[in-house]
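A short worksheet on the structure shown next.
Naming follows writing order (A, B and C), and every chain is counted from residue 1.
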Amino acid sequence: MSYEVMVGNKAAATAVKLAKVQVASAFPITPQTTITQYLSEMYAAGEWDFDFVNVEGELTSQVVVQAASRVGARTFTCTSGPGLLYMHHPMQVTGSSRLPVVMAIVHRGYKGMQPDHSDLMSQQWTGWGHQYVEHAQEILDSLLMAYKVAEDKRIRIPIAVGYDGYVLSYTAEPVEIPDQEAVDEWLPPYKPMPSILPDEVDPSTFARGWGGGDPQMPWKVHHEAILKIEDVLKETMDSFEKTFGRRYGNGMIEPYRMEDAECAIVAMGTIAGTCKAAVDKMQAEGKKVGLIKLRSFIPFPVTDFQEWAKKLDGFAVVDRSVCPGKGGPAFGKLRDSLYDLEEKPVTLQFHAGLGGKEVRVHDFEMIGDKILKAAKGGKVEQVTWV
Amino acid sequence: MSERITRAQIPLSELTITPGSACQGCGAALAARLAFKALGPNVIRHGIPCCPDSVTQTPRVSTVFEGGGAQLTGTSRGLKAIGRDDVLAVGFYGDGGTYDIGMQGLSAAAERNEDIIVITKDNEAYMNTGNQRSGATPKYARTSTNPVGPRSRGKPRPKKNIPFIFAAHYVPYVGTASVGFPEDLIAKVNYMKTVKGFRMLIVQSPCPVGWRFDPAKTIEVARAGVQSGIWPLYEIMDGKKFKLNYKPKELKPVTEYLSPQARFRHMTEAEIADIQETSAADWENLVKADEMGKLII
Amino acid sequence: MIEIRLHGRGGQGAVTASRIIATAAYEEGKYSQAIPMYGTERRGAPLTAFVRIDDVRVRERELVHNPDISVVLDPLIAKQQAVVDNLKPGGLVLLNTAYPPEEVELGGDFKVATVDATTIALETLGRPITNTAILGAFAKITGLLKVESIEKAIKKYFPGRLGDMNIAAVKRSYDEVKGPIQAVVKDAPEQKVDIHVGGYGVLKDVSSWRVFTPDIDDDKCIGCKTCWIFCPETAIQWDEEKNKPWIRYEACKGCGLCANECPVDAIEMVRVEA
C-alpha cells in the first residue's frame, strides 16, 4: 500500500488502473480533461492490457463503452456538464441493456463551467445508479466499489460516481493507493451476461422479435433492479472495509457525529466536507446538529432516512442543484420518504453552491442555526438560497 | 481488391431467418441475404433504427441511431481486449445512419481506422418512418418531405458522395455494390474479410414502396441503375487505388432507370437531361480514374 | 356506441376508409373516432383499423376489442377466420368477396353480407382499391349512415373527378351487396395464418400477403439459379441434387421478382383463388 498527494482526477485514473479496466473511452471537457490525459499516458506506457479510445464526442464515448461492455470488456468513461447531457441518449440504452459500465462525472453545472450537481441530477431517468463523493480518497474507493456492485450478478446496472469539478478534480490531497494484488483478489474479472460471442450465444435468441409482450415490464424490471443496489452496496462497503480498512457509512449514507444530534444537515459531495468542519464547531458550542452525508442518490436511502427521522426533530437538506420550476431533488425525495411516518421532523430546503458558488463553513453554521430554530417551532422560510 | 466469382461460387448456405418483416420485393432484405452468405456466422451484427428487412443467424446488438460507428468501435476494441478478434464486428445500417445522423460517428471511426465492417443498405431515404428525404436521396426524387408542388420539384440537391468522403479518410476499403449484381457484391464482402481496418460497402437497395415501382421489378431497377452509370460499381483501396468493376462499352440512357420509378415521374425533359449530363460527366471521371488506377483526392 | 373493425392490406387504404366512415358519421351529427393499429404494416401485409361512432364524444382510447361490425376490404383476407374473432354475439360482417353469403365458410354467431367490391373498383376506378367501393354496401346493410353522408366525406378526401369516380363505386356497392343472412357455418374453424402481427422480427407464415403465387415449371427450368439468387425473402431454396429451385411457401410474399427475372419464363405468377 502506497500513497501519493494527488488531484481528484488522478485518483479517478488510478482507480481505473487498479480495476484493470480493459476498454476506456472519453472526450475531453473541462474539468474532466486531465483524466483523458492520464488514461492516454497509461495506455502509452503499456502499464497493463488497456485500450483507451480517443473519440470525437461524448455521445460516441458512451456508445463505445456500452458496446465493449456488452461483448465482455470491463469499461470506463468520464465526462462533465454538457458532455453528460450530450450522451443522455445512449446513456439510457446502457441502463436498459443492464451493462455494468462505470462512469466518473466531474461535476460541472450546465449554466457555466463551475461545479454544481445539475449535470448528474438531470440524468435521473437514464436508469443508472448515482453516487456523490466528498474527497479524493473517496473517489478512488467509490470507483472500485462501483465495479464490484455494478458487475454483481444480482445487479448488472451501470453506475455513475460524481465529484465536484475544480474543487476536487484539481485540488491535491493525500490518497492511499491499495495494493494491486489486494484489488485483483477483491475484484474478480468481468464476465458478460449473457455472452454475445457467436460460438457462445444462445441461438434461440436470433429469431426473437422485438415488440410484443407487456410493454410495462421492462420498466418495472429495471426500476426494481436498481432498488436492489442498496443491499449489495452495503455488503460491498462491509467487504471493502474488511479488505482495505476504510468505510463511508453504510454506503448509502455516511452519518457524521449524529450520536446525540437533534437535527441533521443532509448534503452531497465536497460541501459535505465543509459541513463536517461546521458540525465540529457547532457541537463545540453545544448545538446538537450533525451531518448525514448522502452518498447514493439513486437508489435513495429511503429506509435509512425513515429510521433517522424517528430520532430527529429536523432535516436541513442542502441541494447543490435545482430542477427549474420543480425544486431541489434531494429535498423532494427526502420528504416523500418521510410522508407516511406518524411523526415527521421539520424539513427545510437549502440551495448552496449552484453555479460553483463558494460554500463556506459559516454558511453551514447558518444552516444549522436555522434548522435548530425550525425544529423548536420557530418561524423559518422553507427555502433558502445560501 | 475483390476477385471476381461466378454464380456457381456463390455459397448455398443461408444465414437469414424468414419470413421476416420486409415489404414484398425489398432490396435491403436481399442485400442482407447476399452479404451474410459471404460474411458467415462468426459475426456480431450491429443495427441501429432502420427498416426491419432481415433477421440473421448471428448475435445482434443495437444502439441509438447516431451510434453506428461508435458501437462497432466498442465491440471491436472489446473483442480485442478479450482475445477474440477473430469475430467480425459488422454493421448493417441504412442511409440515414450512414450519410446523415450517423455520419459523425462513422467518420471518426474511419479516421481512427477501427477494425470494423460497415455495410450500408442504401434505399435513398428514411424508409422505415415513411420515406422522408435523406442525404442519400437523389436530385429530383419525390419523398414525403420533398413533395412535388409549385414550390418544389422533389429533392433540390444531389446525393452526397459518401464513398469518396470515406475514401478521403484513407481507409483500407470503400466499395459500392448492387443487389442486381450479386457476384460482385459477394466478391467484395469476401475481400473485406481478408483485410483489417475500416471497411465500408454501400449497397444499392431499391425500395419498391418508397421508389414506387412494382416489387417484381426490384432487380430490373437495380440493374438499370448500374447500367446507366447512375450507380457505378467501384472500389477504392487506402483512399488512393481505384478500380471500376463494371465498365460497359456504352451506358444505357438514364431514362431506363428513371421511368419505372414513380418517385421520378414528375420530371421534365430538362430535368432528365440534367441528370443525364451530370451522370455522364461523373462517369467520365470514374473511367479516367480507372485508367490511372487511382483517385485524385 | 357502435364499434367497427376493418381489415385490409398495407397500402390499400383501410385507414382512409376508417376516416371516411368517421367523417360521414360526423356529417350526420354524430361523434366518431378512427384508430389505425400500427404494427408491422409493410406493403402487402394485412392490417387492422377501428372506428367508433356515438351520440356523445367518444372518450375511450383503448382499442376496439369486441366490435359490433367487421368489414373486410380484401377478398383473400376475407377467408381468414380471424376477421370474425371477438365479434359481439349477433354481430355483423361485411366481406369483399365474389362469393354469396351462403357460401361463406367463416363460422360463428353473426350475420354476413358480401359484395364484390374488387370488381366494382376495377370497373369504376380502374384499380382494385376497395376502401371506398365497399362503403355503399356498408351504408346499406348497417343502416348507420346515409349514402349522401359518405359521399360528402369522400369529397373531402378525394376532390374533383377522383371523388366522382369513388362515389360511383359507392353507389354500385350499395345496389349490389347481398345479404345479410345468419352465418351458415356455426362453429369457428381453425385459424391458420397471421392476419395482424405486433412487433417486428420473424413471422410464422406470410401466405396471406400473396395475391399471386409463384409456380415453377421444372421442365422449363434450366437450373440457372437466377430465381434463387434474387429472392429477397429466402423463400426459394436450391436443391443441389436435382439442380432445381423449390419454394418455401410459408416465407413467400408473392412479390413476383422470381418470375420477372427468370430468363426462360419458367415461373408463372398464379392468381390466388379468392
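FYI, a contact is a pair of C-beta atoms (placed from the backbone, for glycine too) under 8 Å apart; a residue touches a chain by one contact, two chains touch by 3 or more.
On a predicted model such as this, the values are computed, not experimentally measured, just so you know.
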item	value
Farthest-lying chain, centroid of Cα atoms versus that of chain B	A
Geometric centre: closest chain by C-alpha means	B
Distance from the mean Cα position of chain C to that of chain B, given in whole angstrom	34
Centre distance in Å when chain A and chain B are each reduced to the mean of their C-alpha atoms	44
Centroid distance [mean C-alpha coordinates] between chain C and chain A, Å	56
Multi-partner residues of chain A (each touching 2 or more other chains)	207, 209
For chain B, residues contacting two or more additional chains	17, 55
For chain C, residues that touch 2 or more chains besides their own	200-202
Interface residues, chain C side, partner chain A - complex	39, 198-202
Residue ranges of chain B in contact with chain C within the complex	7, 10, 12, 14, 16-27, 29-30, 33-34, 52, 55, 179, 182, 208-209, 214-220
For the chain B and chain A complex, residues of the former touching the latter	17, 41-44, 46, 55-61, 63-64, 66-67, 69-75, 77-82, 84, 87, 104-105, 107-108, 111-112
Touch list for chain A against partner chain C, complex	207-212
Residue ranges of chain A in contact with chain B within the complex	22-23, 25, 49, 51, 53-57, 59-73, 75, 89-90, 93, 196-199, 201, 203, 205-207, 209
